[in-house]
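Each structure below is given as structure tokens.
Next come two complexes built around chain A: one with chain B, the other with chain C.
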Partner chain A sequence: MEEPAIVLETQKVNAWFGKDQVLFDVSARIPKKRVTAIMGPSGCGKTTFVRTLNGLHLMTTGARFSGTVLLEGADTSTMDVVDVRKHIGMVFQRPNPFPTMTVYENVLAGYRLTGQRLSRDKADQIVEATLNKVGLWTEVQAKLFKAGTSLSGGQQQRLCIARTIAMEPAVVLFDEPTSSLDPKSTATIEELLSDLKADYSILFVTHGLQQAARISDYVAFFMLGELVEFGETKRVFVGPQDKRTEDYLSGKYG
Partner chain B sequence: MTGRKIKNSVMGVLVAASAVLLIAVLAVIVWHIFISGVKYLNWNFFTKAPTPMGESGGGVFNAIVGTFLITLVAAAIGTPFGMFAGIYVAEHRGLRFADIVRLGADALQGVPSIVIGIFGYTFLVARFRSYSALSASVALAFMFVPTTARVTEEVLNLVPSGLKEAAYALGARRSSVVWNVGIKTAAAGITSGLLTSMARIAGETAPLLFTAFGSRYVEWNMLRPMSALPLQIYIYASSPYPALQQQAWSAAFVLVLLILLLQYGAKHLIARVLRVKA
Partner chain C sequence: MAAQPSRSDRRELVRERAFTAAGVTAAVALVTTIVLFLLELFVTSRSSRAAFGWSFLWHSEWNPVTEKFGALPMIVGTLVTGFGALLISTPFALGIAIFLADYAGKKVSEPVKYLISLLGGLPSVIFGLWGLFVLVPLVSKFEVWFGKLVGSEALVASGTTGVGLLAAILLLAIMILPFSASLILESLLVVPTELKEGALALGATKWDTIQNVELPYVRKSTVGALVLSLGRALGETMAVTMVIGNGMKMPRSLFDPANTLASAIANQFLEATSPVYIASLIQLGLILFVISIIINIAARIILRRGVQQ
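Now for the complex of A and B:
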């Protein structure tokens, strides 16, 4: 397997909530157009790590951050945070379509919220193409002008994925997106990932080992705020180099 | 029976009795106003100004117009201030100044309406040397702003933080998130808060005594003295003429009906919000 290019790189990222340090010198190189799973036991800093990448971490009162995040080689601290977020999209743990918007409007929410106007044709085109990408088009074609919250949980989550990729980001962060979904909806979203990685670089936070093994090309293992091991998923699962990774994989904690 | 069980049933009776009492008080008031007020209600009552002293007939059209104008203008003045202050407090939780603003709103709500009236008299009526409906609206706006600010803040705080985060994650700026996610999601709640605040100021009497003063004519000019239902009730009920006292009851009936309608409208909207959330 040839070495993929790097889309995101973190250098010595530290993060705090008040006095509690939750990330310690995390340096990682995230490969382009691959699925990278972020796994580890609860409270290990997985979610905080992905939230430092798009600047959401600093929106919590008392949160602090140090270190460098490079997006395609560019230091994100020198970029407008709004631009950073246009390049790094995010899908959350619980489906959160905007309740005041229809399915159609939810797909275009990013454009509307950032004040970008689209022609009618262009808007229609984006909605259809994006909903097709997440496999929702045939399911919701008749419900385009109903509230986004009227869909089932799994459909809502795919709508949120559509809303994110409609903005054409380079990277999509998934923060345990299937943890509130049933197995069937989870499977649908997992299948979707292999299509999405053709166009996007994906970071996928999960605390499920099997899920990480199923979906990812690369895996980052976090523990107590440290990045313990990073590598190709097959390699890490078959021959972990760190004792802690081995213990985690064999179910000693988690 | 054990002591615990006795305590339990005594409490049960007290709670139920208080609930019944509350309904009974409302029923007595509404029933009495209805019985006393409905007798004199006719088309003229709603459409005619008061007749000259001593003549029979006439209505309170002047006061109905006045109540609508004064209340609506007060709401128009107070809504932006109240909403913006509420947005400020909701968006700056934890900031000391936001806490001070919230405290200020609570304190302003506690200022007796007669004091607001004197304030309006001193700074508006005395300064411009004329009683006017506009000064009444400004005085009522002082009562409208704090309730609106508090309601706006509370409803905005109910908007799930996950929705705001989703908007920020899409690259939205704060102003866009506040408006497109916060306000729009909370719109029904804010509207019902506005209606409740309007219902509250529509029934105020004390500030009007010092500002709107009252008028026997149908007045549309906000810069002139104007009547309003609470004012008309006050003047008629304290007059020696039985016909006017009767009209006071009818006016009371109309005012209560108006306020209950506003509040029912608010409740209805709140219910709709909750259904959206469920």
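Now for the complex of A and C:
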């Protein structure tokens, strides 16, 4: 496998909630247009890690952060956080389509929210293309002008993926996006990832070992706020270099 | 299952029944009070209805000497002051609520919230005094200035004393502000964090998020809050009575002295001597009661829809 380019790089990232430190000197290099799974036991800091990347971590009162995040080599601390988020999209644990918007409006929510006007044709085109990309077009074609929240949970989550990629970000963060979904919806979203990585670099937080093994090209293993091991998924699963990774993979703690 | 109920079980049962009985009694008493209250208003205002019928609602003459009474000026006064106050206070209420929910830190928002509830609990006679000694002179100055500006005597023919509709509107706007601001704040505070974060994650600024996600989300409960505030303004008596000027004619401008239904009753009840005068004042009360009920039901319907969404 050819060594891919790096899209995101973190250097000595530390994060705190009040006095509790939850991330310790995390340095990682996230490959471009690959799926990187962030795995580890509950409370290991994996969600916090992805939230530091798009600045959502600091929205929590009392949250602090130190270290450097480079997006395509550019230091994000020198950029407006609003611009950073336009390049780094995010899909959340629970589907959160905007309840006051229709399916159609939800897909275009990013444009509306950032005040970008679209012509009618262009808007239609984006909605159809994006919903096709997430495999929703045929399912919701007849429901485009119904509330986004009227869809099933799995459909809502794909709608949230659609609204994220409609903005053409470089990176998409997935924070355990299937944890509230049934197995079938989960499978649909996992299949989607292999299509999406042609266009986007994906970080996928999961606490499921099998899920990480199924979907990812690279894997980062977190424990107690430390990045314990990072590497190609096959390599890490077959021959973990750290004792803690090996213990985790063999089910010693979960 | 067939076992003898133990002593403590039986005691528990008795207590349960006693409590239920007490609760039912209280509930029945409450409903009975309201019904009796309405009935009393209805019965004691009978002679006014006998004399004027429905025309009481749209006649604008109020003359204790000839014993001709019509409620239209007071109905107009009530609606103009109520809606006027709502119109003026709403932008401020929204601004305060948005600031406290999304911009102010806890160190600022907590004391301010406390001050708002304090202001909401202030007795209305204090607002009235403040209105009379501070607001009315200011309105008076404004009237003089406005009269010079437009040069029209007619506009300020009502005098430049400051008392009248405008003073009442401004005072009411201030009085309902804490109420509507805190209600809107409550609904903004329950907008789910995941929706706000969803918007921010798409590259929205805080203000984009407020405009496109938070405000649409609380739209219905905000309307409900405003209608409840309107209900307060319509029924407010003491403070309005002190600044509205007890004018019984149909007001022609905002500077005219006027009366609301409530202030007319408060202003005139002691002077009312003839039975039909008294009955007519009570009839005003009945009209106010009905208006308040309609507003409250409207608010409830809107609020319930807001929850469903």
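Convention: the second predicted complex is superposed on the first by the 254 of 254 C-alpha atoms of A that agree within 3 Å, B and C clash if a C-alpha of one lies under 4 Å from a C-alpha of the other, contacts with A are read in each partner's own complex, and residues count from 1 in each chain.
One rule holds in what follows: a contact is a pair of C-beta atoms (placed from the backbone, for glycine too) under 8 Å apart; a residue touches a chain by one contact, two chains touch by 3 or more.
A quick note: this is a predicted structure, and the numbers were derived from the prediction, not measured.
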Quiz item: Should the pairing of chain B and chain C on chain A count as a clash or a fit in the superposition?
Solution: clash
Quiz item: Once the shared chain is lined up, is A:Thr233 touching chain B (first), chain C (second), both, or neither of them?
Solution: neither
Practice problem: Could you say whether A:Gln156 touches chain B, chain C, both of them, or neither, answering first, second, both or neither? | Solution: neither
Quiz item: Touching A:Gly89 in the superposition: chain B (first), chain C (second), both, neither?
Solution: both
Quiz item: For A:Pro99, is the partner it touches chain B (first), chain C (second), both, or none of the two (neither)?
Solution: both
Quiz item: Should A:Thr178 be classified as contacting the first partner (chain B), the second (chain C), both, or neither?
Solution: neither
Quiz item: Which parts of chain A are touched by chain B and by chain C alike?
Solution: 54, 56, 59, 61, 82-83, 85-86, 89-90, 92, 94, 96, 98-100, 109-110, 112-115, 160, 163-164, 167
Exercise. Over in the complex, which chain B residues touch chain A? Could you list them?
Key: 94, 160, 162-163, 165-173, 176-177, 180-181, 184-185, 187, 276-277
Quiz prompt | Touching residues (chain side chain C, partner chain A) in the complex | solution = 105-106, 192, 194-195, 197-205, 208-209, 212-213, 216-217, 219, 309
Quiz prompt | Of chain A, residues touching chain C in the complex | solution = 54, 56, 59, 61, 82-83, 85-86, 89-90, 92, 94, 96, 98-101, 109-110, 112-115, 160, 163-164, 167
Quiz prompt | Footprint of chain B on chain A - complex, ascending | solution = 54, 56, 59, 61, 82-83, 85-86, 89-90, 92, 94, 96, 98-100, 109-110, 112-115, 149, 160, 163-164, 167
